[in-house]
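Encoded as structure tokens, the structure appears first; notes follow it.
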Amino acid sequence: MARLNKSFDKALWVFHVNSGSCNGCDIEIVAALTPRYDVERFGIKLVGSPRHADVMLITGPVTKKLSEKVKRVYDQMADPKAVIVVGTCGCTGGTFYESYTLDGPVDNVIPVDVYVPGCAARPEAIIQGVVKAWEKLEKLRGDSV
Amino acid sequence: MGETGEVEGGFGLRHYIERFTPSAEEFLRKKELTPQELAGWFAEKFGERVRDIVAKEKPEGTKGALRRTIWMNADREILRDMIRSLIDEIHYPHLSVISGTDEGEKVELQYHIQVYYGERATETTISVRFALPKDDLWIDSICDLIPGALISEREKQEMLGVDVRNIYDSRRYFLPDDFPQGVYPWRKDETGIKPEMVRKLSEVGL
Amino acid sequence: MSASEQHIGLDIAPAPGKKAPYRFQVGPIHPALKEPMMFDFTMDGETVVNVDLVGGHNHRGIEWMGMRRNPVQTLYLAERICGICSATHSFAFSRAMEDALDIPVPARAEYIRVIVAELERIHSHLLWAGVAAHEIGFDTLLHWTWKLREGVMDALEYISGNRVNYGMFQIGGVRRDITPEMVPKIHDYLDYYEGILGKIIHVFLNDKTVQMRTQNIGIATKEDVVKLAAVGPTARASGWKTDVRYNQPYSAYANLDIEPITPEAVRGEVVGDIYDRIIVRALEIKQSIEIIRGCVSQMEPGEILWEPKMAKLLMELKKRGGEGVGRHEAPRGEAIHYVKKVAGDENVTYWKVRASTYNNLLAWVPMLIGDEIADIPLIVASADPCFSCTDRVAITNNAGKTILTGEELHRLSVEKTRRLMQ
Amino acid sequence: MSSVELLFRIVIGTLIAAVGGIVIGLAAKGVDRKLHARMQGRVGPPLRQPFYDVLKLFAKDNTVPDNAVGWMFNAAPVICLAGAITLLLYIPFGSILPVLGGHGDLILLLYLLIIPGLAMVVGGFSSGSPYATVGAQREMVTMIGYELPLATAVIAIAAKMNELFPAEPAFALSTIAAHPLWGEMGLLGIIGFAILAMIMVIVTPAELSKIPFDTPEAETELAGGLMVEYSGRNLGLFYLADGVKTVVMGAIIVALFIPHNLSPVFTGIAQGSIGAYMVDFGFFLVKLAAVVFFAVTVLRTAVARLKIAQVVTLYWIPLTMIALLGLILMMWDSVPMLHIAPWLGGA
């Protein structure tokens, strides 16, 4: 992990995965990209391929049909990487606390670094989540040096 | 667009739409009827095979708009006949959805059909209930008459275990492929969701 | 992104003397799809020969959950079927419940419901416009439309207190009033949209590259949409005048004159392509602004709830029984809920949700066949799909334990609000 | 010049060109992204953002997919960057003459321009993903598409050079840089020349895979297309190559159409002095930024992505026609034409 250099703080590329969410958080993620919030200011960029990504933003309570795919996308991401769960249902199951087609919450499927609760999570909260992910990466850097 | 002939099978929906005789007149309303008259038409046409017809006109708002609804029970054998007659004599029906309930001894399907759309405040919702005994659970497919019924019919197969006869695509749509066969989420008997299948997300990791 | 084993039934026989068609899969996780859905294409070069839809990735079992919760709990679950159509499903569900149990709704509440539903339509159409622009690589338009959309979100937040999942609806009314002090600000918001909207619509309808990418692409004829039972803007863009607000007026819509919008108004003819769907949605935004103006001016003071006391409401709901259907014209088209409640039963006995995309799914097949790979994302987006609505279905159990009690949650919320206000 | 001296010059020159090209390229990307964001009503990333991106990419893991052809997959980004840097050795920066100035001309440049694109195609095909394959096919088709108007423009300029300065090698960039054509022609010629400049500006985004011609990488269709399987260092190399290519394309346009230098204006600075080089280089950067702004930033802000068939049609029919028109106008401007229609000759 010694390879973690400072540029990580300033250039986080994000890949968005919807694991069966209601869309509420997903539109808020897009809203975070647009002029009002403009996360590109902080070097955060949404990318189209998991191979390019540093951070996975995952929404939704993980349906059975998608849990394999979510794992695969996680594996496709190059190290070092972080996972941020956006939305209450991904954090704990939330309103879908009981079901027959869910494999979630997300941390049951892949390791999670940051939880952003909210139904739906506000763009400000999502940005804060990404900032927390930086802190985590910074901590990793501290440990390894 | 004409290539569908070369690639057959699967989701040959295009093929289906084209096979079903298209003509502009088919969409036109053939006869203007009030809900009461429509109820009478059903009673006359199908006699004993439709029962408990209730026609309602409920006022909505201040401009005299009426919400027209008809509820009825019918024998499943007349389903195709009913749709065909609606197309030929009344109006090409818009199938909103097929819903279904588990009534203990039988499964009941409700077909929510709209006619007389296209003009202000004339639309009539016809909800037809078909009771299917659980030991002989089938209904005819209406995909050739209304191709848009496909998803709804597939859903009834996987959620209630109804055998839709002559459906051209009987795969599951909603449930995962590894979902056990013979379990139907909307049933409230032993074939419904078993308690051990229910995952309590709120308790994971606590 | 991946090969998968779940496609059965595609039986491809290459025509003699022709290059064998190959399979090309899009999804379920793909940047063009903000939600999981899989398309299994049979391609000939860059042309789509056939397409199979594999859905259900969002299936959460909401209907099953709803059948184990009481009507008020289910109402909030209905709101979470889809984060974009939060008002849609709560509107349709409350109407179904009111129809089944014979509950009257105060006139003022009907107007407030319509205002929220129309604000939602504006934000949903703007969202769609931005996503569609993004699909064709026109990010500038995405940013412009979403900037405008933030204004709508502000209005929704101002009225309801939340950006998504507004929690405005209650069986037999609405939970929050629009007070007279709020009215001028709502007018300000509406003026703001009207000011910018014209420019954005102008770019959408007149930009050469947008026209190149949208005209005569993804065509669905009127025959296709009628037979496939498509609804909403998807159907209207093909010339089918279907709009629940017009065909079967309900709520406060019955007091207003609403005409379904078809593309002839701008183009003079109906083609049924993506461009037509842009026209329909663009004009509907303007229509929604007028509807809200109408509602705000017609609204008269009065009650907003049939039964304000929760305990009494729940008791009343438990006592009554019946079955009913509730329909609402969502931004994407007709949404219909069917409920059945047995008298004396605490829970909703049966609940069927049918969202607009459910019916529009099949309309993709005629749209996609014959078009190119590059058109796929835009065609898919042009129906404004909402898979979470379509796949919906999640369920709750009354026996489920909550870790926070209602009082605790309320206390925490108040504290948080105080903190934020400092 | 002895061969040792030449070798020394090449090594040092290449190093300077590589470092300079990369730095200028990344800076150009930063400016482009910032302006792009401002035009969209956003604040946008800081100017240094591309540098952070690259540093980060080099720190990441480099994944090679199982079904990829490993050596090709890894070689492609290196070749791509090397190809782009090689191009820099033939292009003058202001009054700084190219390292290999005397050894190659425009024709060589046209060939070399294909190398980075070809490397990307090879990388795409070798990554074993259907998205990358489709992207690679599209990249090839795009390359075939824009070569025609590009070649027409280059040939037109060379033909004019040959006509005006028969003593000097027509295709050499040094000739073109030494004699800006604007002052050498009549009105028709100037119009033709301006048309060719416009053609070059429109070819640039295709060469750089930028909207509206980013079909090979279309994020929403192909999830990154050619690049879909690349990560870490390899992706970083492509990222750098993209920056260098931006400089190359910008510099070619500057050299062909606005090779003017600023130092002659200042009488106080001696020609050939360090000061003169600095001034010209600074002026070159300004010109480069202007070209990148119009060819990349404005274009990608103002239009939507085209489809591959539309890209090819656009380049082959209207743009080639316009390029030919430019060529004809420049030829028409020649002296013999004045005998036929003196009033057409303009000045």
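Annotations for the structure displayed:
As written, the chain order gives the labels A, B, C and D, with residue 1 at the start of each chain.
The rule is simple: a residue touches a chain if its C-beta (ideal position, glycine included) is under 8 Å from a C-beta of that chain, and two chains touch if they have at least 3 such contacts.
Treat the numbers as computed from the prediction; the structure is a model and nothing was measured.
Ranking every chain by how far its Cα centroid lies from the centroid of chain C, the top place goes to D.
Nearest to the global CA centroid, when each chain is reduced to the mean of its CA atoms, is chain C. In terms of C-beta pairs in contact, the better-connected of the chain pairs A-B and B-C is B-C. Separation between the centroids of chain A and chain B, computed from CA atoms only, is 40 Å. Between the CA-based centres of chain B and chain D the separation comes to 61 Å, rounded to the whole angstrom.
One finds 22 Å separating the Cα centroids of chain B and chain C.
Work out the mean CA point of chain A and of chain D, and you get 37 Å between them. In chain B, the positions touching at least two other chains are 175-177, 185, 193, 198, 200, 202.
Shared interface positions of chain C, i.e. residues touching 2 or more other chains, are given as 1, 31, 56, 59, 61, 64, 143, 147, 391, 393, 397, 400. Among all residues of chain D, those that touch two or more other chains are 40-42, 219-220, 223-224. Chain contact topology: the protein chains form a pattern that is neither a line, a ring, a star nor a complete graph.
Here the touching chains pair up as A-B, A-C, A-D, B-C, C-D.
Residues of chain D that touch chain A in their complex: 33, 37, 40-46, 48-49, 51-56, 59-63, 219-220, 222-224, 227-232, 235. Residues of chain A touching chain D in their complex: 3-8, 10-11, 13, 34-35, 38, 40-43, 47-49, 51-52, 54, 76, 78-80.
In the complex of the two chains, the chain C residues touching chain B come out as 6, 8-15, 18, 21, 42, 44, 49-53, 55-56, 59, 61, 63-64, 67, 222-224, 226-230, 240-242, 244, 246-255, 325, 327, 334, 336, 338, 340, 349-350, 352, 354, 358-359, 361-362, 365-366, 369-370, 391, 393, 397, 400-401, 403. The touching residues of chain C, when paired with chain A in their complex, are 1-2, 28-29, 31, 34-36, 56-62, 64-65, 76-77, 80-84, 86, 127, 130-131, 142-143, 146-147, 149-150, 153, 163-165, 386, 388, 391, 393-397, 400. The residues of chain C lying in touch with chain D in their complex are 1, 24, 30-32, 46, 133-141, 143-144, 147, 207-210, 212-213, 372-377.
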